[in-house]
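Note that chain A is present in both complexes that follow, paired respectively with chain B and with chain C.
Let's turn to the complex of A and B:
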């Protein structure tokens, strides 16, 4: 772990960039916006973020591109700064896992790669690897994941969910080793994130009636959750889920005490509660002047903002009611 | 024996200048890192950041002042050093310790507070006054230690 003063420069930058984070007031204004154009005009006023929204053509693709590139720009810049490689590494890993998923899905669909999703590697290298067009070099952990995906696709060519789980496992394994490097409160936070990711994956797999062998692809050996504990989610009844979550110590993620419903809206609500819990556990460090926590907290808050903006702007694009959108939104880092 | 006394006195002067200077250098460095971070995103904050970064630099000046006071007292600038016994030399060295130790620690502490204050002005530029007062509070103890060193040095008869 780096010394706490190694993050002084990044904390200074974060103090300025925090002004670009969404506040409940901005969210309310966006919810009240009559249409997407008005929402984009509100976004154009947000410091350090607004410039990207000025004069854009209001399409879903453009909005997605702006949000992704804005966040990736901050993450990749932070990784180059002193102390930033580990603290922003979590978010870079997330970009890498998403880019990997997209590249493999393109290869599976035999579609040419028209858009490149930002990541620490070139997505085209992945496509070349799977199509056998060239021998590319990848770091060992990444190469291992690619070989596993290749083996899976050889035996089950259409198993997109399996591919997704393998990519997620690469991300979670990376997070697990990152947790030890970060140490302190962020180590615990990363562990909590991994457990939540497992719960999310297991509950989604349960809803989609996946086989244990598919869910097993998400698992790697760790001290946080045993494989049998994860697979248990696929076999117990809906009524037993709250009790089982209670046994694991995570019953608080349920929107209603003691009640579990196996439907996508309820699962989305659980995921919202998890995001809020993860954000609130970082909120206590936001005013600290030193250490990695305020930097990490800002980056996570930014990722939640991106999620909120996608929900809001897409909702406005499709003309959804403000009340429906409000229920989907995550909490803000600053009240 | 005369030389031995002078060695202790000069050691005291060196400690005052050196330790207080180190404290200031670290403090200014910490505040500078935070300031560089803020200015990366908002170059318009240069004036306020510079003021806050300079605050931990005063300990080094106090240490230098105390060190020169000792050298003047020893008559080293005149070319003929005063006769200093071991006891007098040690008295001078101990008299220098307040500014040496407090200068070192308060310089670092003030640097940390200045870095936090730089964060404050980054978010709330209108609170610059309050942001300066917070690290300035740490200054009190550096001033008190300098005062203690000067009073102690003045009480030593050569």
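Let's turn to the complex of A and C:
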């Protein structure tokens, strides 16, 4: 009961904050904007988020800073609320995985950490750990990942992608255990996310002509997808991929039925379909009054909004045509 | 313009030698100029083809990069560019092309350009990195070709000036001076004959 009450409070907050989500109409208005200045004026009218866009110097760094801080602010805020830690945990984990990668890569490139990146931990601790400057405390799963990265760097010092794969595995493992804690429809959603992540990872690794050993770094034991099923993507021919996806039950992610092309633009289209599918599977729980689903749905919708706004505002900055931007946009939470 | 020399047989001999030498030099330089121009034209054509190829590839690369960067945050951009797995070894040598010392770059690319994760980066990034890694060796080749063109152009200019100096200044001057000395010597010979004849006449 307590949990439900906590979620009711969070759902109440979500109902207010939902006004800051983008609608198809806002997206259309942004697409029609002639330049970045006009797009920023449209953004300034969006509730809650608009204030941050008022009177800013229109640069890519500023836009990105506003969007990142806005989303990280909401995620941190929700994490602090009762019952919010698990719901917002997935999104915090995304930030943490990125921060972990950045810290390790700074260490690899021997560059000092000058910027501050959003994360739930102090990134300098990671750099200190790899530099061997004293023993730092980390939670067990985090420490395990750090040890794996250390081992990898000892055997293959320049393997930057391997490091990223290990960090992504940490993120996917975290999502897997979060799924078990959340239960219900969100459990299924997290599982779907993990499978999609593996599918897109395997298809990208295929394009990059990766060996199975590299892709193996991404894999952790789970009940959703076996390792050999994942590695199969690297060895079968292009013609067999639709059939194989059909066999796994995910042929619907292909933009054209029964056709697969080993081309990044085609893969990008698959990624877009996956994102839309993930959003639509959360949309049905939007009006639930109890439970974590509407809260999680709002946060995921917010992350998609941030992605869409990046596409639109950067697209306007680069002067890209509306048609190109439209093809990249993800669906809105509001229909 | 006539050279300022004493009109005597010794000078005439020297000048004739110089003229023969100048003509030989002129022919050689003209041959060198022709060879340089042939190389120059060939390399300019190669440069034009290379430029076209690079422009085509680089447009593709920048388009893919622009589209990929639409979805990347600043942190993601740092992540993608921080540590590279690809090593580019550039060996700088020189070679001789029709007597002109030109640079020669040898590029060796080790590893591949994909040093980022595949789960949370857009797929267009692969296209951008693949295109850029294809373009880079071509751009280094272009730098080599453009420097070669520059050096050949300087050498052609220098050689043409020498050929022109020989053809329009030195050789005509020598010819004029030789002609002058020849006339002078003939005149001296005639005046000597006249003198002898006059002496001979007065002796009778």
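The rule we apply is simple: the second predicted complex is superposed on the first by the 330 of 335 C-alpha atoms of A that agree within 3 Å, B and C clash if a C-alpha of one lies under 4 Å from a C-alpha of the other, contacts with A are read in each partner's own complex, and residues count from 1 in each chain.
The definition used in the following text is that a residue touches a chain if its C-beta (ideal position, glycine included) is under 8 Å from a C-beta of that chain, and two chains touch if they have at least 3 such contacts.
Nothing here was measured: the structure is a model prediction, and the numbers come from that model.
Chain B and chain C, once both complexes are superposed via chain A, fit side by side.
Once chain A of one complex is fitted onto chain A of the other, the partner contacts of A:48 are limited to chain B, with no touch recorded for chain C. By the touch criterion defined above, A:197 lies against chain C but remains apart from chain B after alignment on the C-alpha atoms of chain A. In the superposition on chain A, A:16 contacts chain B only, with no contact to chain C. Greater residue coverage of chain A by touch, when chain B is weighed against chain C, goes to C.
Contacts of A:276 after superposition on the shared chain: neither chain B nor chain C is touched.
When the two complexes are overlaid on their common chain A, residue A:8 makes contact with chain B while staying clear of chain C. In the superposition on chain A, no contact is made by A:79 with either chain B or chain C.
Between the C-alpha centres of chain B and chain C, as viewed from that of chain A after superposition on chain A, lies an angle of 160 degrees, to the nearest 10.
Taking every C-alpha atom of chain B against every C-alpha atom of chain C, the smallest gap after superposition is 27 Å. Looking at the complex, you find that chain A touches chain C at residues 60-61, 64-65, 67-68, 94, 98-99, 101-102, 105-106, 108-109, 111, 115, 117-118, 158-161, 163-165, 167-168, 171-172, 197, 200-201, 204-205, 207-208, 218, 264-265, 267-268, 270-271, 307, 310-311, 314-315, 318, 320, 324-325, 328. Residue ranges on chain B touching chain A, taken from their complex, read 30, 33-38, 40-42, 112, 115-116, 118-120, 122-123.
Against chain B, in their complex, chain A makes its touches with residues 5, 8-19, 48, 289-290. Residues 64, 66-67, 69-76, 78-79, 82-85, 111-112, 114-120, 122-127, 130 of chain C are the ones touching chain A in the complex.
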